[in-house]
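Before anything else, here is the set of structures, which you'll find just below.
Note that subunit A is present in both complexes that follow, paired respectively with subunit B and with subunit C.
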Partner chain A sequence: MNENLFASFITPMMFGLPLVTLIVLFPSLLFPTSNRLVNNRLISLQQWMLQLVSKQMMSIHNTKGQTWALMLMSLILFIGSTNLLGLLPHSFTPTTQLSMNLGMAIPLWAGAVITGFRNKTTASLAHFLPQGTPTPLIPMLVIIETISLFIQPVALAVRLTANITAGHLLIHLIGGATLALMSINTTTALITFIILILLTVLEFAVAMIQAYVFTLLVSLYLHDNT
Partner chain B sequence: MDLDHASPLCGAGMESDCLLVRAHREAFALIEIMAGPEADAQFHFTGIKKYFNSYTLTGRMNCVLATYGSIALIVLYFKLRSKKTPAVKAT
Partner chain C sequence: MNVPLKEKKLLEVKLGELPSWILMRDFTPSGIAGAFQRGYYRYYNKYVNVKKGSIAGLSMVLAAYVFLNYCRSYKELSESLLDCFASGGVSPDRVGLVHRLI
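Our next item is the complex of A and B:
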């Protein structure tokens, strides 16, 4: 039982070769591209959705920040599609791996912070001290703000990992409990099954929300630095 | 942006009293006070407070750099002191 609980988080291998590269690249096949001016319904729907999200997310940025539009839209699409595909039974979800999420969070955060230090050095340094701080508190607050800056990419990665992993574990546990209860008490198994359905609906929402939250936070870090 | 008519949550004829609109207005006002170098002109400090204060951009930057410099000096002091202190001799 204990071994099976975490088996779905082990990176899959086939004949000794890691499949994780294929799994990470797979969601890109689900978003078709077209070189036509007037597209079919699927691509039009995809473009409409992308335009809606990019307008909402990039409206707060200036010209410099809007150069990151492609990066942020790719990020939200990748995380959203990966999370949703992970809800399929017996599939592997790359975003349950902390290494992967750190690999996304750290370069994006560092890019935003370095952009801020290069273009607005005074404002970036001044950011470490909130306006109106009483004089005796200044050194302590500078240290606290520095620590909170360096915590940002770690929090970003751990938030995504923990949310997706916890959801998958819960589904696994409640699914196992439903199966076990079927032979013991059918009514209780039915209630557990209803809970499983509701949890799955919640996980669909969490998958999309976590993608949005990750991208939004990167966008906010960028906004602070441009 | 017309904040009085911005929020869909405000009922007809109640925009001016809507709590959400008021919160938005205050948040934007605060952002305007906190924004950049043009806001620094409203502060008139003299002496050392002109360079080290927690209101102007330059003042805040100098406080931050002074804090980092102090920490670096303290670390350097303890590192050099531990090198100078001789090892305890056996008696």
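Our next item is the complex of A and C:
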């Protein structure tokens, strides 16, 4: 039972070939491009959604920060679509792998921080000391702020990994419980099934929210630094 | 009119000519990439890039994705099914359900 539970998180390989590359590239198939003014329904819906999200997310930035719009919108689309595809039966979700999320979080965070240090050095250094701290507390507070700065990429990655992995595990467990209960007591199995349905609805929401949170935090780190 | 074998489409090839037709296909990387591209645009222009595209265009792709992932994990699922039988957790008539949905 235990080994079976975690089997869906193993990197998929087939005959020694990395299938995971194809799985990571698959969401890009679902977002076609077009040069026309009036498109088919799929592209029109995606364009509308993208405009909505980009206006809401990039409005807080200045001109320099808005150059990151393409990056952030690709990020939210990728994480959102990967998480949602992972809710399909038997599929593999790349964002459950910590390696992948670290690979997304560290470069983005480092890019924002290094931009800040290069262009507004004093302002970036000033972030290490909140306004109005009493003088004796200053050394300790600088250390704490440094630690909190360096923990940001790790927190970004681990947050996404843990949320998605936990959701998938819960679905596995409750699904298994429903199955086992069916032969013992049908009423309890029905209740567990309703819980499963509610959980699946939650997972849909979590999939999208996590994408949003990831991108929002990166955009906030950017805002601090431009 | 005598069309050379190389330029015939699949449905026009006679059964006896099939092996030689397959061997004459373009198996270079660019040939294979071209085949994928043609297949993609055939599907896209028929089901998605139309005036009133429906949910079926997207759903068929997702259904194929689910099916391919099931094929990929069939071996593990059947092994876990055997384990489940051995430990007495599931009766034989629940076979279909144990190939669980997730």
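The rule is short, and it goes like this: the second predicted complex is superposed on the first by the 226 of 226 C-alpha atoms of A that agree within 3 Å, B and C clash if a C-alpha of one lies under 4 Å from a C-alpha of the other, contacts with A are read in each partner's own complex, and residues count from 1 in each chain.
One rule holds for everything that comes next: a residue touches a chain if its C-beta (ideal position, glycine included) is under 8 Å from a C-beta of that chain, and two chains touch if they have at least 3 such contacts.
What you see is a predicted model; the values in this text were computed from it and never measured.
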| item | value |
| --- | --- |
| Joint occupancy of subunit A by subunit B and subunit C, clash or fit | fit |
| First (subunit B), second (subunit C), both or neither touched by A:151 | neither |
| First (subunit B), second (subunit C), both or neither touched by A:198 | neither |
| First (subunit B), second (subunit C), both or neither touched by A:142 | first |
| Touched partner set for A:129, first subunit B, second subunit C, both or neither | first |
| Touching partner for A:70 - first (subunit B), second (subunit C), both, neither | neither |
| Greater residue coverage of subunit A in the superposed arrangement, subunit B or subunit C | C |
| Closest Cα approach, subunit C to subunit B, once both complexes are overlaid on chain A (Å) | 35 |
| Residues of subunit A at both interfaces, subunit B in one complex, subunit C in the other | none |
| Residues of subunit A defined as touching subunit C within the complex | 4, 7-8, 12, 14, 19, 26, 29-30, 32, 40-42, 85, 88-92, 168, 171-172, 175-176, 179-180, 182-183 |
| Residue ranges of subunit B in contact with subunit A within the complex | 34, 36, 54-55, 57-58, 60-61, 63-65, 67-68, 70-71 |
| Partner subunit A, residues of subunit C touching it in the complex | 40, 44, 48-53, 57-58, 61-62, 65-66, 69-70, 72-73, 76, 80, 83, 89-91, 94, 97-98, 100-102 |
| Subunit B-touching residues of subunit A, taken from the complex the two chains share | 122-123, 125-126, 128-135, 138-139, 142-143 |
